[in-house]
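Read from first to last, the chains carry the letters A, B, C and D; within each, the first residue is number 1.
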Amino acid sequence: MQYKSQAVAKLYFIAAIGLFVGQILFGVILGLQYVIGDFLFPEIPFNVARMVHTNLLIVWLLFGFMGAAYYLVPEEAERELVSPGLAVLMFWVFLIAGALTILGYLLVPYSGLAQMTGNDLLPTMGREFLEQPTITKIGIVVVALAFLYNIGMTILSGRKTVVNLVLLIGLVGLAVFFLFSFYNPDNLVKDKYYWWWVVHLWVEGVWELILGSILAFVLIKTTGVDREVIEKWLYVIIAMTLITGIIGTGHHYYWIGTPDYWQWWGSVFSAMEPIPFFMMTVFAFNMVNRRRRNHPNKAAVLWALGTAVMAFLGAGVWGFLHTLAPVNYYTHGTQITAAHGHMAFYGAYVMIVLTMISYAMPMLRGRKAASSNRSQVLEMWSFWLMTVSMVFITLFLTGAGILQTYLQRYSDTPLPFMVVQEKIELFYWMREVAGVVFLIGLLVYIASFFVGTKEPEVVLEQTDA
Amino acid sequence: MSQAFTKAMARNIFYGGSVFFFLLFLALTFDSEATFPERDNRQNITESVAMGKRLWEENNCIGCHTLLGEGAYFAPELGNAYKRLGGREGIMAFIMSRPKDGVPGRRSMPQFNFTQEELEALADFLKYVSEINTADWPPNIQG
Amino acid sequence: MSDKLVAAQVRHYPPGDLAVWILIMAELLVFALFFAAYGFTRMGHVALFNQYQATLDRTAAVANTLALITASYFVVRAVAAIREGNSRHSARWLWAGVGMGVLFLFIKGGEYAEHLSHGINLSTNTFYMFYLSLTFFHFMHVIVGVIVLVILAVKVGQGRYSAAEHADVESGASYWHMVDLVWLILFPLVYVMH
Amino acid sequence: MDSQTRAWLRPCTWTWLVMVCLTLVTWLLGVSGAQGLWVALLVLGFALLKGQLVGDWFMGLHGVSGFWRWVVSLWLLLVGSLVSIAFVISSGVLN
């Protein structure tokens, strides 16, 4: 750690991991509700648990992104943060607002929450992923503005690197597109059309810029490869991301009342969306192979490579599986979508945040570059536990989705939804088992922060040959 | 004429490409907006439909159901519920019939205790949704 | 045979910046997908495609083809000139290329105005959907190409490039040839083949 | 003008001339009302030939070795085969 103000990242990372645990606990509950329909009913109905699961994901990823930004921006800009105090203040504002929102979900019926928070004044609630009360949404905007001010001023008054600029563009885009969450017309088609401007243009647009810049930063630090090389590939990859991803939004505009030509525009461009992810995989492995030193933090390198591979599989391959309109006609809104969503979010965004935490945490905890060997071994165990179990969650959901698609949509005698759900129960059970393994992996991950803290860190071997 | 792969050119392509495709996206959006009136069934958005949409949102129905294929995959698709459940009466009867404490061992929709006016608004909303031109999706009545 | 020529014979990379060639590959792939989509969709609507293809202005399309290949040739001359270090000639050829590009935009714009006055749009029918999607997507590429050529013409005119250092000119030229190449397929496919 | 540039420019000029001629022939085929699969495939063939000339000479791939030499050719092959397959099938000659 070269700058004192980088220390604020630690708060954000700890909160991120804490909320991650909450997210997974609710994930396990949801998985159980899929097979034991009345589990926790009516105390925590499925919709509430799901809302907690998805919103915690979004919030902890945002914590992770912000922590990553607070850590890497000073180092890249070669100066302290403009205002570390503001960063700490916003941390508490965001954490408390987030916690209150989640408690609101759990303790008050959703319609009551809507009334309490005056949803009538500016109705924005009750749409997938954007369930937060309007007041929370406004809070998110305020936090985002303060955050952007802090990061932006630091970057603009310091050294401007590609990593910094791309991160800033990504974060500004994140804030700008979130504004569409305040647009909620009575017209369902328009509602859905612009809802995707938040959801798709986030995860298949600006978030990928954030992902790319964090990955580039960690690769620069851990491989010692010339910054010029990494930065130009970063540009090419994110260029491909936006070239394919922006019009790729069209793959959501097939069946929601939008004109038919989106079936073509969406299919053609989203069919190309795996390309940037593939480039990212090739890029990451290339850089690690061309490394000029062996970084002592092996776990961080493992996470970085894992991100590249899993993002390609989850977002690229599993996205492509059902992105073409003729396929999507049958798979739209089935467990196939859930399979894709799980692996894409884990592979791209969960893993990049964990990569950054893995890289930065040793320094934030006062070490020179890496944790002790014992801690790293445990962390790598958690990597494999979580990653492999996520692969299985995805495979089981894909199996469930294929069967569901056939029985409910494709066969000559389509069966009702609930009948099909019972027929594919076995897959849900297997998914739940994989989910429990994921939770164990997460606990191992947390344990890795507490073992070997007294032991010396792994030393750097120079391989400048 | 030496082969170059420069950061400056990569940057130009990133900025140029992003602006280009975003403008194209805006152009397509502009065209889409022009076609919406023929497809989105806006002539049937009454006050009751708007109220139904608000109820749909404020009870987080999307947390279990899909609507035009988007939402959660825990409960049936409702874009065609109007047709599948037998019209407004069928929808209202189903919502009213949900047991307060659920069904042992099975998934069950909560009892929301809607008033008659609210039930009708929800039914009107689902009727409106079922008449949106969705390019023949879903493939069959099961949703 | 000069040393330079020997060196040229073992070149492993195309002229211009590799980043542009990555973009060119991606763009070509998009157009390939669209062309294939056109061909295979047409299989189910042969009569419709033939009927509405006949409503297109083929003469305008031929004029546009000639405009684009001529523009491409002018750009080739511009690259040849700058390789000799002749900025003045190079800039002149680039401006000539810009002129041809603008002529294309003008003619195609006229066609669009004609369609618009008949109320034809992307949702009119499947043929027009493809015709308008493909040509408009290409149209936007021509606009970008013209902008690139204008920037290059200005910079070349200011003497910012030399016989030794003119990778940007070659990059821009390669992009422009790609725009031309796509039209060479697009024109027969959409206007002529039935 | 040095020999290398001239060696490149001359085939480019020919390329331009050939392309103008092929375009005019295509146009004549169009206005003559010539019909049928073979006319369509001939027109496509002209287009592919033009594309190959643009790639070889205008883009300068003729003097490149390795992967990049074949980028445009492979693309033309891909587009040409997909489009001709579609046209052959829809013409019904296979039935």
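Keep in mind that, in the parts below, a contact is a pair of C-beta atoms (placed from the backbone, for glycine too) under 8 Å apart; a residue touches a chain by one contact, two chains touch by 3 or more.
These numbers were taken from a predicted model, which means no experiment stands behind them.
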Inter-chain pair with the most contacting C-beta pairs: A-B
Closest chain to global C-alpha mean, per-chain Cα centroids: A
Distance from chain C to chain B - Cα centre to Cα centre, in angstrom: 40
Rounded Å distance, chain C centre to chain D centre (Cα mean): 14
Approximate Å spacing (C-alpha centroids) for the pair chain A, chain D: 46
Between chain A and chain B, centroid-to-centroid distance (C-alpha), Å: 23
Multi-chain contact sites of chain A, meaning residues that touch two or more partners: 232, 235-236, 239, 243, 259-260, 265
Contacts with two or more other chains, residues of chain C listed in rising order: 8, 11-13, 15, 19, 22-23, 29, 83, 122-123
Category of the chain touch graph - line, ring, star, complete, other: other
Chains touching one another, given as label pairs in label order: A-B, A-C, B-C, C-D
Chain C-facing residues of chain B, complex: 1, 3-6, 9-10, 13, 16-17, 20, 23-24, 27, 31, 34-35, 38
Chain D residues within the chain C interface of the complex: 1-5, 7-9, 12-13, 15-16, 19-20, 23-24, 26-27, 29-31, 35, 40, 43-44, 46-48, 50-51, 54-55, 57-61, 63-66, 68, 71-72, 75-76, 78-79, 82-83, 85-87, 89-90
For the chain B and chain A complex, residues of the former touching the latter: 5-7, 10-11, 13-14, 17-18, 20-22, 24-25, 28-29, 31-32, 35-36, 39-42, 45, 49-50, 53-54, 56-64, 66-77, 100-108, 110, 112, 128-129, 132-135, 137-143
Chain B-facing residues of chain C, complex: 8, 11-13, 15-20, 22-23, 83, 121-123, 136-137, 140, 144, 167-168, 170-171
For the chain A and chain C complex, residues of the former touching the latter: 232, 235-236, 239-240, 243-244, 259-261, 264-265, 267-269, 271-272, 275
